[in-house]
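Order as written gives the chain letters A, B and C; numbering starts at 1 within each chain.
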Amino acid sequence: MNALPEVLAVVVVRDGALPGGADETVAETGGAVLLAGTGTARAAKELRTARSTWTVESAQVGPGSLAATLGPLLDGVRIVLLPASPDGRDLAPRLAFGTGRTLHAGAIRCGTDTADLSRADDSLEIRVRFTGPVVVTLTPGVRGIGRPIEPPEPVTVDVTPAEVLDAEPVEVRAPEPETVELTEADRILGGGAGLVRRGEDGTAVMRTLTEVAAWLGASAGATRVVTDAGWAGHDRQIGTTGVVVDPKLYIALGISGAAQHTGGLGRPEHVVSINTDPSCPMTAMADLGIIADAPEVLRELDRRRRDA
Amino acid sequence: MRIAVALSRSWQRVEVDPLTGALGSGHRGESAAEHAALEHALRLAELTGGQVHAITAGPAEAEEGLREALAAGADRATRVDLDTPLDPNSLAHNGATAAALVAALPETPDLVLCGDRSTDGGTGATPALLAAHLGAAQALGAVDLELDGDRLLAHRRLDRGAREILRLPSPAVVSVEGGLRLRRAALPAVLAAQDAEIELLPWTAAPARADVVSARPRRPRAREHPAPSGDSAHHRVLELTGALVERTPPTVVGPLSAAEAADELLAYLRRRGYGVRP
Amino acid sequence: MPEVDAVVVGAGPAGSAAALELARAGRSVILLERGPFPGSKNVYGGVVYGRVLDEVLPEWWREVPVQRWVTRRSTMMLTGHQALTVDFRTEDWGSAPYNGMTTFRADFDSWLAGKAVDAGARLVTSTVATDVIREDGRIVGVRTDRPDGDIRARVVIAADGVNSFLAKQAGLLPRTDPEHQTLGVKETLALPRKSIEERFALTGDHGADFEILGCTGGIPGGGFLYTNRDTVSVGVVLSLTGLAASGRRPEEVLADLKAHPAIAPYLRGAELKEYSAHLIPEGGYRSMPPLSAPGMLVTGDAAAMCLAAGIWLEGVNFAIGSGLAAGRTAAESVENGGGLDGYRERLKGNFVLADHERLQRAPGLVLSDRVQQQYPKLLCDFAQGVFTVSNPTPKPGLGALFRSTAARHGVRLRKLAADAWTGLRTFG
């Protein structure tokens, strides 16, 4: 087995599926990744940024056991980087604790000697210096991945699984589209100020938007005007001060397309803008601009959803 | 069931100067998630005839949260005396407080309930570190808890909106998201809690301080895109600005009625392969 | 049901002062506050005059949460394009025992409530008093919105601010009273500390307090501009009836003030941090409700104790003064079983009612059309006349200039003299 490099991404895989932020994490380490969990060989082929891949196939993805299993392998690794996805967030502290490393969670950048941590509701960026071996988690969606490369042939690492008390998995339920975290959604319906009429209950409108989005297999997002008004949670706000998303399809309803909003939009392949203003920036950047009354269109879509 | 609930009463709505990153005033309080954790704890204790022990690691101000917990029905409260000032060093923390919290639990309880994340550090690492310290199982980011016989089932979020259901052994640490509202304490209980005793444990261990280099206002990071491949600098610039990309010219239709607009939208989605309900 | 000597509703300055006095007298007292902490919901302009605090704590200035000590007071008269300012500054107010300070209510109210708690009062936050409890025509407690929320008390003190719900429940206040209330709206704007000090010509922890007349676009009222450490507070106080008649929105009036050429340079580049609005009891002495009912005392804004007469906007000190008096009266009544009648006498014996009595004509005068509109215009035009160099025409005599300016503005000199006399008797 090749010796593991000094900087290594550790990514938990379930049934061959990579978690959100996996490729970004790998890109951040320069391409070295250890995949652990079930279906690792399959997942290795899905990587777009790896230059060297190790796999540890383990039926157990419980964080206690997995940390105990992987810990001994990481002796020579100075920086262990995990995506701050649910499984990454579970495993990272257990790995840090088990191997006596400092944990730097919630990084937006990880260098060779420092990491930048996002704090205080994402308004503060704290740079910390590494004083020894570390475990770092990287927030998904903050860096992008550059040009995809062919995945390398993975090196299988055999391990003796360790047994540590973990919760017993009962069931995994398929996602309901409306709860898909926005960052991971590949279709998003965004609602803006133009979707809510003066005096109307914005919260109800956003609820309808969420239902219509679910019907279209999409998630609902919003502009800051909407989230500031309290019509949608702040986790729904797309933009430079909100969530940075990267969907394939973006449908903007009543959104003007301010830079702070589109700055968080990634590069959707398809953009539709429904707006009464044909020359607003959102419509200008759309493949299809529909000049119509957004609240009415939403109501019509909702009617069809119910009839369907 | 012996239940402990960890209330951080950490800094909230910290003001950050958008130019310098200087920290302004903030105030302390529990997060909605921690209130939900407390409410879950009280309900589970009622259902199982258990006891609730509220713990915090923080300065004297943090006792206010413990008194609220006592007023709402917690049986016991302990504060580990730990200074958590509003500075980049404390904010950089990553569960350095977990060790201190363990000190408040001389006997490992059956269940430790935490908030999903505290409002200052906000990474949700503390519960997992607590589990590591206690040798307990963990379930992080639970959106729902239910009793199945005498075992607890936690529903938690996975990637892409999937839900995982975990059956928890004892001991276990569970962190929950907000959503469940904390009950309103009765007035006599509020008054009684003001005089209730709060155990105080000293904490002298050197805090694990992060080596902070700088603290700046957060700026979104430049995202990486594939490098342009053109053979002249001019072409590479054109490529970067998207000027060379073949793009169907944008179609603008309308003004349309709502029904026409809906037809137009759904037809477009169908053309592009975005069927209704994939 | 908890039984105490006194329950005080509202942990504003009035309520905390009352609770402090009761606790110091060894009485059991519960202080109820609907906000999550004292001061969390409270709005005001920003200046507290501290002398009354001498009764709360010797050398209070060593620990009070202060933004800046006011060493500069300006009274400005504006017209659309002019400004005439009387500017006063004194270093005496910049050192102990100090005079006025800018402070944030969240800090100040918490501090004062903390003093009451230190003395033994029990503060219960996030709790709303929803009614009074009566027995045989006497008020014997309050009901709150918590489960098992009734409290029995030998005295109830209503310190719940303007439009007092409790005083209304007790039948001491009319249901609505727009005539005697004004609306205050205020913005807090962030500016670098250094800019504040340069623009307002201040050093260290010194601060400025500007009161402004003629800036409310014809609606009776006034404006203010105060400096905090790294924010400034700018606001207007508007007569409710005048506002309704004008058809304008209060934020428009404030926007006009901020854009005035004499004000805008102070605020340039400032970033809006907060907007708030609140009613102020402004009728003064003549509109005060009865101050007590059997079992209950009313204090602070709840009893219209705020002294709001144009260039005066003093509510907090009057709230504290009346709160202390209410607390003392209640403590004595509990101790020797007497009634609560001593309250009014006590207020008359100190500045609270004495000042109000003296200034009872002030609201009428200050809100009169002459003071609001005519005089600022007259004085500004007069000043412009005096300072405009009119060569080659010779300078006019000042007397003649004044008479002609007054005539142009339709101001009768006899009325002016009468107002001056009223003013002198009122303010002098």
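Rule of thumb we're sticking to: a contact is a pair of C-beta atoms (placed from the backbone, for glycine too) under 8 Å apart; a residue touches a chain by one contact, two chains touch by 3 or more.
The chain list, named the UniProt way, goes like this: A = Mycofactocin-associated electron transfer flavoprotein alpha subunit; B = Mycofactocin-associated electron transfer flavoprotein beta subunit; C = FAD-dependent oxidoreductase.
A quick note: this is a predicted structure, and the numbers were derived from the prediction, not measured.
Asks: So, comparing each chain's Cα centre against the centre of all protein Cα atoms, which one is closest?
Replies: Smallest centre-to-centre distance to the global C-alpha mean: chain B.
Asks: Across all chain pairs, which one has the most C-beta contacts?
Replies: The chain pair sharing the largest number of C-beta contacts is A-B.
Asks: Distance-wise, how many Å sit between the C-alpha centres of subunit A and subunit C, to the nearest whole number?
Replies: Each chain reduced to its C-alpha mean, subunit A and subunit C end up 52 Å apart.
Asks: Could you grab the centroid distance between subunit B and subunit C? Build each centroid from C-alpha atoms only and quote it in angstrom.
Replies: 42
Asks: Take the average of all CA coordinates in subunit A, do the same for subunit B, and state the distance between these two points in whole angstrom.
Replies: So the centre of subunit A lies 16 Å away from the centre of subunit B.
Asks: Where on subunit C is subunit B touching in the complex?
Replies: 1-2, 30, 36, 122, 124, 127, 144, 146-151
Asks: Please name which positions on subunit B make contact with subunit A in the complex.
Replies: So the residues of subunit B touching subunit A come out as 11, 13-14, 16, 18, 21, 23, 88, 91-92, 94-95, 119-125, 128-129, 131-133, 135-141, 153-154, 156-169, 172, 208, 210-221, 223-227, 247-248, 250-262, 264-266, 268-269, 272, 274-278.
Asks: Spell out the part of subunit A that touches subunit B in their complex, as residue ranges.
Replies: That would be residues 14, 17, 19-20, 27, 62-64, 67, 84-87, 89-90, 92-94, 96-98, 102-106, 108-109, 114, 117-131, 137, 142-148, 164-181, 184, 187, 215-217, 240, 244, 249, 251, 263-264, 266-267, 270, 272, 274, 276, 278, 283-293, 296-297, 299-301, 304, 308 of subunit A.
Asks: Quick check: in the complex, which residue numbers of subunit B touch subunit C?
Replies: Within the complex, subunit B contacts subunit C at residues 29, 184-191, 194.
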